Amino acid sequence: MPLVRIDISKDASPELIRAVSDAIYDAMVEIANVPAHDRFQIVTRHAADELIYPAEGYLGLSYTREIVFIQVTWVAGRTTEVKKAFYKKVAEDISRHGRIRAEDVFISLVDSSREDWSFGGGVMQYAPATS
Amino acid sequence: MPLVRIDISKDASPELIRAVSDAIYDAMVEIANVPAHDRFQIVTRHAADELIYPAEGYLGLSYTREIVFIQVTWVAGRTTEVKKAFYKKVAEDISRHGRIRAEDVFISLVDSSREDWSFGGGVMQYAPATS
Amino acid sequence: MPLVRIDISKDASPELIRAVSDAIYDAMVEIANVPAHDRFQIVTRHAADELIYPAEGYLGLSYTREIVFIQVTWVAGRTTEVKKAFYKKVAEDISRHGRIRAEDVFISLVDSSREDWSFGGGVMQYAPATS
């Protein structure tokens, strides 16, 4: 059910985009209890002036034009420890396989409820049992 | 107040995009208690490699490159039954008028509060009565 | 930590986009207790048929093709009064410096939790003290 938005430079290689996509999906399945094949992601490529980050850095981190913004909407309930492990694996895998700096991996999570999803066919697949 | 994001293939016809837009708006007004003319939607067209879905399908559903991702941010409070009816009508109307498979209609809902909206002019139009 | 999505016409000038970006950041720092340099924004430019608003207007407001959609995801906790002041400053500053109508500034806020953010490096920078 997670819906993932990946906003990235239009100069990113197909290999980098694939590495980002794979890293997020793999971390979800391995760490965040997301079922296999639950992989729904929207990539948007951006001109240089469309991805805005602080030139001065933030919290001791520095950023470059290779910054990747990842925003995940999913069902609430993951623990703080799971989220920590998720961030770590996503950034490490993108850095390793996409060959960009882990500091350029920005992640934002948004919670929703089980009733808030239709995977297709006009059906609420995760409907509560009592309804 | 709903703000709707529609992410769709750049090969989608203007007629399909219109059908998606109309289907969402009509279902909101008819089923989800959204006022007439409250129609705010952002369409983003994507290259084939930017809309990622499981080739194996998911939950018995299969997907094609015609997949349409719909993400709605609105004020919390709709019941499970209303959400079910909303999914059904959106997918059916898109399928009928846009001539794509209902399975290719993916919907995600995100809740917010009444204070979280300004429709323009720098004003909180839905401000609580007590403030 | 706010992640800001700015959806705007592809006819918007770089000056207007800069005015929008600055207005949001300035209002966050001055009014909404956001730290300096916490500036993360994603701009997406759109064709005319991709930004959909009611031709009839809504709530007495009217819109033009210059409409700017601003969606902010941030940590919950701002008061109604802070949100009101934020809307006002953003719309006024965009109108003044970007020379568009304040009515064309649409703002939507989405809440999240402190654990829902990684600013880079695979770390949960705002981790709760108890974990």
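Note that the chains take the letters A, B and C in the order they are written out, and that residue 1 is the start of every chain.
Throughout what follows, a residue touches a chain if its C-beta (ideal position, glycine included) is under 8 Å from a C-beta of that chain, and two chains touch if they have at least 3 such contacts.
It should be emphasised that the depicted structure is a prediction, and the values quoted were computed from it without experimental measurement.
K.L.:
Copies chain A and chain B touch; is their interface built from the same residue numbers (over half shared) or different ones?
P.N.:
Both copies, chain A as well as chain B, present different residues to each other, with under half of the numbers appearing on both sides.
K.L.:
On Cα atoms, by how many degrees is chain A rotated relative to chain C, nearest 5?
P.N.:
Going from chain A to chain C via C-alpha fit gives 120 degrees.
K.L.:
In whole angstrom, how far does the Cα centroid of chain A sit from the Cα centroid of chain B?
P.N.:
21
K.L.:
On chain C, where are the residues touching two or more other chains?
P.N.:
44, 110
K.L.:
Tell me, which parts of chain A touch chain B in their complex?
P.N.:
1, 3, 14, 17, 21, 35, 37-45, 73, 110, 112-113, 115-125, 127-128, 131
K.L.:
Which of the residues in chain B end up touching chain A in this complex?
P.N.:
7, 44, 46-47, 49-54, 56-59, 61, 63, 69, 71, 80-81, 83-84, 87-92, 102-111
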